[in-house]
Amino acid sequence: MIVADRKPLVEIQEMVANSRKILVIGCKGCVTVCNVGGLKEAEILASSLRIGRNKNGKPMEIDETVLERQCDPEYIAQLKDKVGNYDAVISMACGVGPQFLSEAYPEQKFFPAVNTKFFGGAVQHGIWEERCAGCGTCVIHHYDGLCPIARCSKSLQHGPCGGSSKGKCEIANDVVCIWDLIVRKKMEQGRLDDLRLFQPAKDWRTARDGGPRRSIREELAS
Amino acid sequence: MTLAEKRKLGSVLVVGAGVAGIQASLDMANSGFYVHLVDRSPSVGGIMAQLDKTFPTNDCAMCVISPFLVEVGRHLNIHVIPCSELERLDGEKGDFKATIVNHPRYIDTEKCTGCGQCRQVCPVVAINEFNCGLDLRKATYIPYPQAVPLAYAIDRNACIGCGMCEKVCLAGAVTYDDKTKITELEVGSVILAPGGEMYDPKEADSWSYSHPNVVTSLEFERILSASGPYRGHLMRPYDREEPEKIAWLQCVGSRDINRAKNSHCSSVCCMYAIKQTMIAKEHSAHELDTAIFYMDMRTYGKDFDKYYSRAKEERGVRFIRSRVHSIEPVENGNLRLRYVKESGESVEEIFNMVVLSVGFKPSSGVETIAKKLGLTLNEQHFFRTGDIRPVATSRDGVYVCGVSHGPKDIPQSVMEASAAASVATSDLSSARWSATRTPQLPPETDFSKMVPRIGVFVCNCGINIGGVADVPAIREYAKTLPHVVHVEDNLFTCSQDTQERMKQVIREKNINRVVVASCSPRTHEPLFQETIREAGLNKYLFEMANIRDQNTWVHKNNPDLATAKAKDLVRMAVAKAEYIEPLHQVKLDVKPAVLIVGGGVAGMEAALGAAEQGFQAYLVEKTDTLGGMAHQLRKTWQGEDIPAYLERLIKDVTNHSKIQIFLNTKPVHFTGTIGSFTTTLNDIHTGNPNGIIEHGAAILATGGREYRPEGYQYGNRPDVMTHLDLDQAMKDTPATVMNADTIVFIQCVGSRNSDRPYCSRVCCTHTLKNAIELKKIKPGMNIFVMYRDVRSYGFRESLYQEARALGVHFIRFDPENPPQMNIAENNILTITVTDHILQRPIVISPDLVVLAAAVLPNENKELFELFKVPVNAEGFLVEAHAKLRPVDFGSEGLFLAGLAHYPKSIDESIAQARAAVSRAVTIVSKDGIMVGGVVAAVNPDRCAVCCTCVRACPYGIPFIGNEGHAVIQQAECHGCGVCVSECPGKAITLQHFTDQQLIAKTRALFYQPAMNE
Amino acid sequence: MSQDFEPQILAFCCKYCAYAAADLAGSMRLNYPPNIKVIQVPCTGRVDIIFLLRAIEEGADGVYVAGCLEGECHFVGGNLRARKRVNYVKKTLAELGIEPERVEMFNLSSAMGPRFAEIAIEMTDRIKKLGPTPVCRLAG
Amino acid sequence: MSELKSGSNLEKVLKAGHFAFTGECGPPRGANIDHLKEKYEPLKGMVDAVNVTDNQTAVVRMSSMAASALLVQAGLEPNYQMVCRDRNRLAMMSDILGAYSLGIRNMLCLSGDHQKFGDHPQSKNVYDIDSMQLISMVKKMRDEGKFLNEDEIDVPPKMFIGAASNPFGDPFEFRIYRLANKIAAGADFIQTQCIYNMPKFREFIKKAVDMGLTEKCFLLAGVTPMKSVGMAKYMKSRVPGMDVPDEIIKRLQGVDKKEVADEGIRIACEQIEEFKEMKGVAGVHLMAIEWEHRVPEIAERAGVLPRPVI
Amino acid sequence: MNPSFEPKILAFLCNWCSYAGADLAGISRIQYPPNIRVIRTMCSGRVDPLFIVNALDEGFDGVYVGGCHIGDCHYQDGNLYTLKRFDALQKLMDLTGISRNRVHLKWASAAEAQIFADNITYVTQVIRDLGPFERDSRLLPLQAMKRTLTSQRYRWLVGIDRKITGDKNVYNEKTPVPLFEKVFSEALQGEYQKALVVECTKDNPLSVHEISGRTGLPPYTISCRLNELSQDGITGIGRVDGRTPKFISRAA
């Protein structure tokens, strides 16, 4: 799923500093699963903003609601007659949310409440880790299911760099060196020779470097 | 009357309302029998109520027992008869006539609300037995604040009849003309649980117990207790100084034939002494030096040995193996102890306080009851009971449990209580639900759609509330609150007459939400919920404002603020009341059958018990024979013949119509919730199913086995054997054993070490029993027992005395240098060990070495995972609560018994098996179980299927159903609400504690409503 | 701070330990300031972050959560989660420029009547020193 | 080994079987040529080639190609380093052509330190291709005369291809395979990380020899003399992948303050003596960072002078 | 004893007998020492033991209470109460170390002027022998006596004594006198000792030993009294110095 972190409260306060009537929209999709943008978090943000404004003597009106997802126009459309009567809307969805909203309601000002970060999963309750960088050409089968493109700081494809020590990446000792895992796994499974294969220079066109991407399913698209 | 027409009464008399009496009463009342619970003192609770903390978990005793006290006080089918004693018992099993003497209490328990005004004005003081004489109580008294029944009593021989208490009693509860009454009760059977009393050290002056700083362990317990005289602040009675050094003397009044005439070991003093050292250290702000003087440290129960080593290694408690003869008071309240170290060196030490770990003696009631009922006593003047029928007395139909038939700790007492409950009602099963009362309730009118119409009832509670807060003002204020249609205030809302008027008012003004502003919901919510239910209202349409315990009682000195706070609390309660919805519990049907896994003695006794209670029992055994470990035993510690008992038991089980036996079978699939489980059984060898069992409860009795020692050449020499090998040899080839001249027993082989940090409990007794038997057959034989601690607890101490008398040599070794076995080249085996008295190594060349090997749990990882039951680090099954639910599992409907729980002797296994039956019967005896109420409910379309609730629930109850959203089953949810506030999508609500209700209550505190029109 | 300031303090107490301790403080006739208003919850694990924030938002001068001793929670670990949520609210209040000391978590067993009174006194003094809540109460 | 691939001095020295001795020179943080001069002046005649680092530890410095060109003008032979962090494949190929045209004949292909260590951690890194793919690209340009997309190059850049190797990085067992992969990808010579743990390096080199790697390409052992105890401790604890045994630190602590630098050089010389005899080691790469002025003295005491002239 | 000491004695004279007797002594010019200062009360039963202790506290060296003979009381049994109260007061004074001979109760009818004068002369001489009442060195016992005399338990027992030992108690039987005596002396000693402890720990927290030093009570007795005081919520631990808790009372 898409994993995000909530923006610091001060930053959100500045965004809506001069708005009187605000709508906070949660999203029941990925951001609910990673506990950052669901209805519960929407209520918490709304209440925090109310406390902040109330303290500074400039009370504001904040409503909170939640959409099934903010990445399908039909759900966005549900706010048709509501979104107008606010002078600022905060979307707690991933980066897709504020953009779909802005496209649907050009005259309204939309603000992101979360910083979208990566595709990943929950290694334990409350801790999510990046697993995929969306390079568009999946090669994890070469590395026994451990992707160096997403999980090596330098996306190296032929083994650990000189800085890997004690299984940790040179940039920080809480970041696992993925190549250390790949090499150990290959050794355990007796498939070390796979790493002798020379991987030609990767074709990055399918990645973000190839420009904004679209995915079209002929049989579905009208 | 011929046998057939013999009357079977559906009621039971329980004498003694300590923790054992209460447990037995609850089990029977919840299984369809009416219970008369008689106790000499004005309230229930017994010794446990006086304890501060309990070992080995250091839980606070009162927190553990008070829910049981409240339940026994309120239970529809338990009739608590305080201040009374059993006078006579006529008739026989199934049809007894009991004559009860009701001593006058001079206060009517129905009227008294426990407000305590009489205590404050009473001019007469007397020794406060509850605090063991540390402080005084008034002639009009209540044993302790949480007493049940919550009513005062007048101590007639202290009271001078001045009449002051009647003057101040607004409830008019004082009845000076109360007389001794005699009542007759017709009961089916009788359970005696009069408990025990602590030895009184005054009988011997060498302990100089008259000195204020020499206290008994129970007094020290009161000193430590937060509700005790010193409010839990550890101080010396003499001058309230905080002690720097405290000594505990073990075996005061136990194992002491010359001074105290008590030969038995009281089983619990070692453990409670260690607990008291640990709790004392926690209570003292400065470094506290604690020393325990003991002979044998007898920590034989589950997790007891770990507790002992934690005290020794981590908490720095000093354990000095020496028996102090006398205590010598010295200047400014200190005490000098002279003792001899093991090395022979004599030492003097000054202590600020000395605690005498006093042992048990039978309560004074035991002697009189035995005389009146014609029951036999043993030499120590406790009730005599056997091993094979551990809770039966010498009179048929009269059973016993708890300390009155032998000193024991709380878990063992509670186990025996449940066992007595199941045995006492086994042949009354035809009269089940015949004598019990079921509440007649009118149909519930449906108010859910209607606009809230709230009735507010403000209570004065005599002067407890009215004397501080302005109750009329509170009542008038309540009128102004939204949706309030009726307000009234009365003297005692909980009194019978007010309850009736409440019902009437509810019907007249068709009130659909009731708020009572009075005392604590913890004690009175069930009472009021029943009342409004009788008025046709769903019992959850009710909210309380605690304006007494948490307002007037604690803000006595500023009444106006107390009144303002009362108004706030009422406004908050009304605000929540507005959003309360009726909750309907769902009735799950119960399958009247019990599954028992494991065909050893425990399993068979459980199956027989369930069948005797009239329920279908399914006994599953993975081998091809019943009997388990018992096949290898010969005699119980009291000498009863095990093979004969085993043969009889197997015959009864196999022929019983209500027991279906599955040999070579193991469960492979298990689903369902309490009351209706489904288990699939498979044949071990062929693997194909041989039965699908529908049952309401399950008992796991998977048993244990003897540890095969690694060291000491075991297995490669015929003259080195374990206890079971010795028993085998004594049975089959006695000659091989008898022509040995010297035999050495080595204790704690495989137990009490780092891999198995527990004591296997039975090996000391087993060694003593065999040593005595060998000595009697061949007095000339030299027998050496090499031990770390001889743990012959309870009456087993007599075996230790007899063995020493017969000339068995006992040599103590430290774990650091255990006995060394070496084989000389001529294959002669010698044992070298350092004698603790001579302090020099001695060499013995025995003809036979017997290793007291540890007891291990049978390995059933797969089975335990199937039933989702926890095992501890050593592989033993983990019970729900060590003290008060020793045979239940955490998950409802599952129970345990036998060696799989912890090593125990055969009589303790039988008791635990019968206890498990009693617990299981409380489920299967009902035709339906009400589930639901305050439980979590999932709103599917808000659920993001994110598994947060699956991870957050401490009991692992929520799961993702195949409809694609989280599912929480009403029968299983415990109602804690953790998942509700973790759920990121706000998809789960905890009924009766919804967000809307709690936020409304919060908001109401700050939001002054506009005047009600 | 002005002496006549009487703070309004909310206390979420768990039914099995803190609420029982409050009752015991009552039956022992101890004494603590009347500024404390108790709301009973089955377990402190039920106290949601939104409850604490809405309390501050509605104008509470102080809020505290009182649960069982760590390791003795009737529902295994509810009190541990409660402490984490209280810390989250403290951080949020700090970000909003409100004294985090206005929110607190306490642990006590049901036999610690005197401790409950102590906590009530401690919190009332602390909030009196901090003064009224900067969040002005909205009328109506 | 007979015909020359790039004709660089280093190649000739190595192929002639001499014991190579290369130095290192970090370009200045500004455009001050004199600074560069101060650094390469003492190296003249002392080394066969001079490594010119490319934004070492991701810290912005004068570009390595410019510095290398200046060295060429000054009559020294540069060993032009290129990292994969800062350029994509277009920039790399064009820089290789540029370097060749400026007379640079030796090249070192490195992955490069992550920008997190450098002075602009906010920057975006590239890592379009990794060091292995860089080696094979330069080989393709030289031997096949083709760009990566198979287009012809009119004048193919004949570079003497070098690669780095850290025998002490984790996982230790894999390091030899990585070396083998680099050689297979086209590396002509290898310069190792600075060596302190001699026993571990002996084990590494033995494996390299057994696998015949040292036949296929020349391996230069990296040496960095310790200037102070502080530097030794810093390298041991803070530099990832660096293995500094305690004996080295004890030796440095053994002498008094003033002598430490000298002791550092003595250790280095001992190492170089051993490398001379060690089978599979074709030379030494001396990394005297900020100590360029003492390289003549080190070279002298290491007995590697005079440098062969072919 | 300095010879010139003249004790100041307060005399409560009941209106119907002793006051009348005193007037008669005046009329018949019977002489008696001038040390007494008289307060007339309607009946000796009106005299609250607290007045007597206050008199000593204010500076008198002794107190004389005069009343009618038993049976002559104008109000039937007024003097019976006085007898009980006076006996109780003297028992209390025995505890405090203040000599009981500083207070005297004498019956004298309206006609017995001579007896009245003799009583006064006798009482004055007894008190003169006792010497002046050192009020300042007896502050603590005096305060404690006042507190005991105002305690509900003490006054209630003194008041109910006649009814339950003489007539009948709530159980319609006479409370045996030894039992009542035991209860009363326990109550008296209990209240007085508690009063001592409260008085000296009212303003500053004191340890048990410090209290013992000031009140002379043995430590263990103080410890037992502290139990009762904490049960009634009057005394608690103020602070703890090292290992010594200091107790402080909140005198309601």
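In order of appearance the chains are A, B, C, D and E, and numbering begins at 1 in each one.
Quick note on the criterion: contacts are C-beta pairs under 8 Å (C-beta built on N, C-alpha and C of every residue); 3 or more make two chains touch, one makes a residue touch a chain.
As the structure is a computational prediction, the values presented were derived from the model and not from experiment.
S.K.: By mean C-alpha coordinates, which chain is most distant from chain B?
M.R.: D
S.K.: Select, from all pairs of chains, the pair with the highest number of C-beta pairs in contact.
M.R.: The chain pair with the largest number of C-beta contacts is B-C.
S.K.: Just grab the chain with the largest centre-to-centre distance to chain A, centres being mean Cα coordinates.
M.R.: Relative to chain A, the chain whose C-alpha centre sits farthest away is E.
S.K.: Give, as an integer number of Å, the spacing between the C-alpha centres of chain E and chain B.
M.R.: About 55 Å, centre to centre.
S.K.: Taking each chain's centre as its mean C-alpha position, how far apart are chain A and chain E in Å?
M.R.: Each chain's C-alpha centroid was found; their separation is 87 Å.
S.K.: In angstrom, rounded to a whole number, how far apart do the mean CA points of chain D and chain E lie?
M.R.: 108
S.K.: So what's the Cα centroid distance for chain C and chain E, whole Å?
M.R.: 51
S.K.: Can you pull out the residues of chain A that are in contact with at least two other chains?
M.R.: Answer for chain A, listing residues that touch two or more other chains: 40, 43.
S.K.: Provide the list of chain C residues touching at least two other chains, using ranges where the numbers run on.
M.R.: 29-31, 48-50, 54
S.K.: Which positions in chain B are in touch with at least two other chains?
M.R.: 231, 952 - these are the residues of chain B that touch more than one other chain.
S.K.: Please give the residue numbers of chain B that touch chain E in the complex, ascending.
M.R.: 120-121, 123-125, 134-136, 160-164, 166, 176, 212, 229-231, 233, 235, 237-244, 285-286, 333
S.K.: Residue numbers of chain A touching chain C in their complex, please.
M.R.: 8-10, 40, 43-44, 47-48, 50-52, 54-55, 57, 59
S.K.: Enumerate the contact residues on chain C facing chain A in the complex.
M.R.: 48-50, 53-54, 56-57, 92-93, 95-98, 134-136, 138
S.K.: Sort out for me which residues of chain A touch chain B in the complex.
M.R.: 28-29, 32-33, 35, 38-41, 43, 66, 125
S.K.: Touching chain A in the complex: which residues of chain D?
M.R.: 84-85, 89, 111-114, 116-117, 125, 127-133, 136-137, 148, 164, 166, 169-171, 173-174, 177-178, 180-181, 184-185, 193, 240-241
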